[in-house]
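There are two complexes below, and they share subunit A, which is joined by subunit B in the first and by subunit C in the second.
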Partner chain A sequence: MNADPQASGARATARLFGRVRALVAALSALLLGAMPASAAPGDDPLRSIMWTEMKAQFFADEPVVFDERVKVQVPRVVEDQAQVPITADARALDGVKKLVVFADLNPIQHVATLDVMKASPFIALRMKVEQATPVRAAAQTADGVWHIGSVFLDAAGGGCSAPAMARKDADWSQTLGHAQGKLYRELDGSVRVRFRVRHPMDTGLARDNTPSFFIEKLDLRSEQGEQLATLDLREPVSEDPTLTVLVRMPLNDSVLTILGRDNQGEEYRSIIPASWRQSATSDPPARNAE
Partner chain B sequence: MPVTIDKPGHSFSDATGSPEALSRRAALQRLARIAALPMIAAAFDISHAAPLTYDLKPVGIGEGVWVLYGVPEPIERSNGGAIANITIFDTRDGAVIVDTGPSKRYGVALQALARELTGKSVVRVYLTHFHPDHVFGNQGFEAAAIAAPQGVIDGLTSLGEDFASAMYHAAGDWMRGTQLMLPGKVVADGVEEIGGRRFALHALSGHTPSDLAILEEVSGVLVAGDLVFLDRAPTTPHADLELWRASLDRLGAIKAAHVVPGHGPVEGAPRGLEQTRDWLGMVEEKIRAAFERGLTINEAMQEPLPEWVGKIALARYEYERSVMHFFPRLEAGQWPRVDSKN
Partner chain C sequence: MKTWKWFATASALALSLTVAQPSLADVSIDDIVKDAETTGDVVSNGLGPQGQRYSALKTVNTGNVAGLVPAWAMSLGGEKMRGQETQPLVKDGVMYITGSYSRAWAIDTKTGREIWQYDARLPEGILPCCDVINRGGALIKDKFIFGTLDAKLVALDAKTGKVVWTKKIDDFKAGYSYTAAPLVVPSEKHGPLIVTGVSGGEFGIVGRIEARKADDGELVWSRPTIEGHMGTLNGKESTMTGKKNATWPGDLWQTGGGATWLGGTYDPETKLIFMGTGNPAPWNSHMRPGDNLYSCSRLALDPETGEIKWHFQTTPNDGWDFDGVNEVVSFDLNGTKAAATADRNGYFYVLNRENGKFIGGYPFVKNISWAKGLDKDGRPIYVPENRPGNPTKSKDGKKGDSIFAVPSFLGGKNWMPIAYSKDTKLFYIPSNEWGMDLWNEPVTYKKGAAYLGAGFTIKPIFDDHIGSLKAMDPATGEVKWEYKNRAPLWGGILTTGGGLVFFGTPEGDLKAMDAASGKELWAFNTGSGIVGSPVTWEQDGEQFISVVSGWGGAVPLWGGEVAKTVAHLNQGGMVWTFKLPKQTAQKN
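Up next, the complex of A and B:
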């Protein structure tokens, strides 16, 4: 007789789980092309079956380290697989040039890339997830090294293959490109940009066969047209992208311009006022008056 | 868990793990997105999969009135989703039940328990609202006996399948055989007399677009549904706080000997109404302030909560969920338009 039927059942289930996981790994490898034979899983703290593939895809031969100073925040419970809020923050590192966000087990792994320029290495957005997955932020410093922060996101799944909510609404095209947003003052003098633009962000993977249609570029500019930061967005960014970035605006600027483009060539333009600087535009700055 | 409710909860008998739970979950992970789901916890621990029997423990709260207490937890494999309170009334003509629990398995056990307690069959089932922990036991009963306001039926019709998927993900094999089953009878404000009892129905809203509260006038028992939570943090995936507060006002005007909250202990005093109102005010204020400071959703989730909520189970968990519910509404509703044609 089995003394502990529950434990035995659990072991059987765990064995089965292990087999299923191995099968999934094998299938994933087949679907995505053979994994490089030489690359070892390394010391991925999440032991993701996709890490080797991710490393090859995003970093090729560039040096990579796992670094807890790169923070990724996700909710502990996912309310909506199509709108999972994440924040990637590499401000603890100096000299970050690029910040890449990706999710190992999404059908499209790349979520967004921030070209830092005159921004802080920080981005918040909402993304779709197809299943529970590691979510990573990779920050490249001036020496070329990629610093990876990781977190595991549990979720039921289906966010990438569900049609956009707007597709249920016959009038979605009427609001395409409508944008809302606000600038906020940060304590360190930089400016926090929070911005939302109406767009279905179709992945091309939806069950209703809608082709991919998404905003792929956002370009943040000063009043003089200088690039402050650029953002590449990919299909996993949620419908009606809602983003937060931190930029250093020139001191005399009272507005920030955001130029956008989607993968069908449609262009979008938004101008967001810095309300606390608005009065300065009517009066010349004090030092110029002398 | 900071505090647990000091009332008898469920305990479950052991059973062996079932491989079917796994294949079902794997299949269900492919299913539809789950819009705004209530109470889904990280449920990846497979080591205690599928104990298969709900051990229902009725607690008498009056002559011929019993409550089955839900546990103050998220929906998890360890509790089978049995987190909501269920009420059973004995009447001369048969048993009357309010809410049916999270699964077919629960509904079938509930039906058997009601028959055992009253010696009669179930003649009426009321649903307080459309959330899955309250309605997925419907299959234990005849559709014609199940009554709810039209708004509950509409909500189940549009969201029921997504709720089912989410429940399978969160509760696993407990859900076996569970399907959406719609009520067969529509009710509105009014009184139903059944076997010597008078059920005064109050069609309200705020926790969801359609909430039903029921005062049984003979016993003085007010079944408030999820308009009232006590010592367990309220959930807000479909909430309209203004309507919710108006409903609390209406409930406060009802004289009741006992208030059965949707989650938490039955009490005579209106503590549940007050605590629910305080919580909603706190959450609204916190989230609004975080939004106005320009915080991201993830940053807003980390805001400190006032000390008084320390005694409320799942306070931080539900606060975090509420941030996800309300932030997008604030962004869409409060930020000025900034797109420009030039």
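Up next, the complex of A and C:
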């Protein structure tokens, strides 16, 4: 039985094109290495219509590459659009200075930025989503290059325009800034900080006209007051933010201090004891404005 | 502005395309102290800390005001349209205003476009007595500072609207709030100070005056207004206000009222802060025999220490809710350093502002019933039977005899500020002609609950009008002219070197009157009631006049029979700015 020459030719052509594509890809990689400034819309693995806009908003003219070593984890099924757990992890890269989390199709795209300092380039939090959207983590390494990991989150809508649960609670202002947290020693010597702070985190987009009201800064300090990491949060972070970060704190420290400030100028301070054995609840925070 | 020459030669088309960002200089304490003399800006409440609300500008005058037209208008938006009692501030081409529900804006004065907006996130359960209003902010250095309905003071970056610092004045759950425009005064020891009071007079709070550093909001001194309470200075107890139990029986002074809810004025000549104090609590005066100092008083305070330099009490042992909070306006009375104030109780007082001595007092509303007049020291000569009856002497002990008193508890004049013209030497007083049925009931104090011990209804005393704008000669008390308005007046007055008096009505009109004759020369309907205070300033050779329109405040909430004159008025929230068309301005 004779082989179909045409089919064979087509396969050969396909192989050839395949090689050409590989060559182009290799050349692109080379070019990226030399001049790593192009992550055109076509380069986005998720083909997001918002990519060009996102690139301009978050990275301006800085070099950007898509990099699978930056991992974003989201649930396969979203149960509550106002509380979607996500994890951004760039620990596979060395020398990460900053880790930015954003979602292309949210009305407010920026979710959080971790200024790494003495932390690992890792953050876990819960966020609101207004519709199905790419969720991205961008890690900037010491050479200034942004490494982007992306995942598509499938979700029903409405997380950003629904009023906070606090709206139904006449006493939310009395528990504002109250915090709970726990520290865990990791095998590599770093400390995992799990932390929750009471705050409505209003987006300002809700149907009930509530103004935007959110914690915009968290500052993690060692017992001696040394800055370990800072976090910028934005409106999409879920009500009563629940966060996990990994920091390297001095071995003998018995407490970790978290300083916070919201966009209305209220300041918060929570102390998490490092008991290493039992969970502990911090005292109600001293509110600066009182 | 540096670019003014360019503007002057530019064509109208080029102007409309210009989006030059105004260059913002900091507001110095000197700018504030001299605000009354500078016509290019408005950097204090009252167009000068003396509170005269007079601008020397005369580009717009009696001859051409009829040609005044809107330059722009801006909506305050949202679903939060309630009473807009603010007075705009203007500096370097930017207007700063506050609005209902503790909001604030910066607006480009050329285009009316918003530069930033700040919305306070208010907790549930705020307890404002009289609508969700705000009466304006203060500018100092690079900050815009205003108070919120949950009793906080918020300092915003004037360029961005971002919060620089916030300070809690007191617990909103106990009835505190803050709605007055903060006062900025100089001090030698502490630098510029932000001086504020407290609101919440009907909830049994104790009034006080506080001074904070402008940079970080740190408290410098605090002065309670009710005798027996201790003041503070630099974090330590300073001196007691008055003498405990001198004019108060038992422990009622502990919840004695005297709320300082209207803010104050400052006189650079005597270096004194003038602040008025509210009614004593509760309303039922039979529970608290005595003068009840320093309720219903004007206090003069030393900015360095918060010590009371003099006081003048307008209604001792008040039984009619005649708060003494109304603004004290410094002026020159034939060479005497005088100050004048138009009280809730219907009398206009002229005092020596160096020592608080009474110079003269005159009724500015008609048919005053609770007093026959004032004695030589300015103390009221009471009509005893016009004080509501003692409930403990009634048959069932639950309701005392009801009386009809004039003026009503909303006052011959309420919060809306008066103005003084250096040219006509007249005061312009927005007053209201109304009375009230009033009776007393027993009451006990409960935190966060209204602490009145009284019931009331308000009634007009004339068929055709309640509102009455009067021009009064402070030397004689003579009323030179009167303008009558159907609905109660609730907005402030502005007077100018152009011989004009500007004010708004609940019916929505911004009006311009001849300051000498009272003749109405111009009116424009802003679409909702005006309860704010107009301002004027000069920019690039043109004179602008602005007012914020938006009906609300205490009248629709407490108005009784008065509601008939205002029930049809709709809410709003709009900044209106007026000027003369270029050709009209050149003609005069």
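Descriptive notes on the structure:
Here is the rule we use: the second predicted complex is superposed on the first by the 234 of 290 C-alpha atoms of A that agree within 3 Å, B and C clash if a C-alpha of one lies under 4 Å from a C-alpha of the other, contacts with A are read in each partner's own complex, and residues count from 1 in each chain.
Here, contacts are C-beta pairs under 8 Å (C-beta built on N, C-alpha and C of every residue); 3 or more make two chains touch, one makes a residue touch a chain.
All figures in this text were calculated on a predicted structure; none of them were measured in a lab.
For the composite obtained by superposing both complexes on subunit A, the positions of subunit B and subunit C are free of clash and fit together.
In the superposed model, A:Phe102 lies in contact with neither subunit B nor subunit C.
By the touch criterion defined above, A:Arg192 reaches subunit B but does not reach subunit C.
Judged by the touch definition given at the top, the superposed model places A:Ser212 against subunit C, while subunit B stays out of reach. Looking at the shared chain after the overlay, A:Ser173 reaches subunit C, while subunit B stays out of its contact range. Legend: residue contacts after superposition of the two complexes on their common chain; A:Thr242 is shown touching subunit B, with no touch to subunit C.
When the two structures are aligned on the shared chain, A:Phe58 is found in touch with neither subunit B nor subunit C.
Within the superposed three-chain model, A:Trp146 lies out of touch with both subunit B and subunit C [touch as defined at top].
In the superposition on chain A, A:Gln264 makes contact with subunit C only, not with subunit B.
In the superposed model, A:Gln83 makes contact with subunit B only, not with subunit C. The partner that reaches more residues of subunit A, of the two candidates subunit B and subunit C, is B. Minimum Cα separation between subunit B and subunit C in the superposed model: 15 Å. Across the superposed pair, subunit B and subunit C touch subunit A at no common residue. Against subunit A, the residues of subunit B that register as touching in their complex are 14-19, 21-22, 26, 28-37, 40-44, 46-51, 74, 165-166, 169-170, 237, 293-294, 296-299, 301, 317, 320-321, 324-325, 327-328, 331-332, 335-342.
Residues of subunit A touching subunit B in their complex: 5-6, 8-10, 12-14, 16-17, 20, 73-83, 85-87, 124, 126, 131-132, 154, 156-159, 161-162, 177-182, 184, 192, 194-197, 240, 242, 244, 258, 268-272. The touching residues of subunit C, counted against subunit A in their complex, run 78-80, 119-121, 123-125, 150, 152, 154-155, 162-168.
Residues of subunit A touching subunit C in their complex: 170-173, 200, 202, 204, 209-213, 263-266, 289-290.
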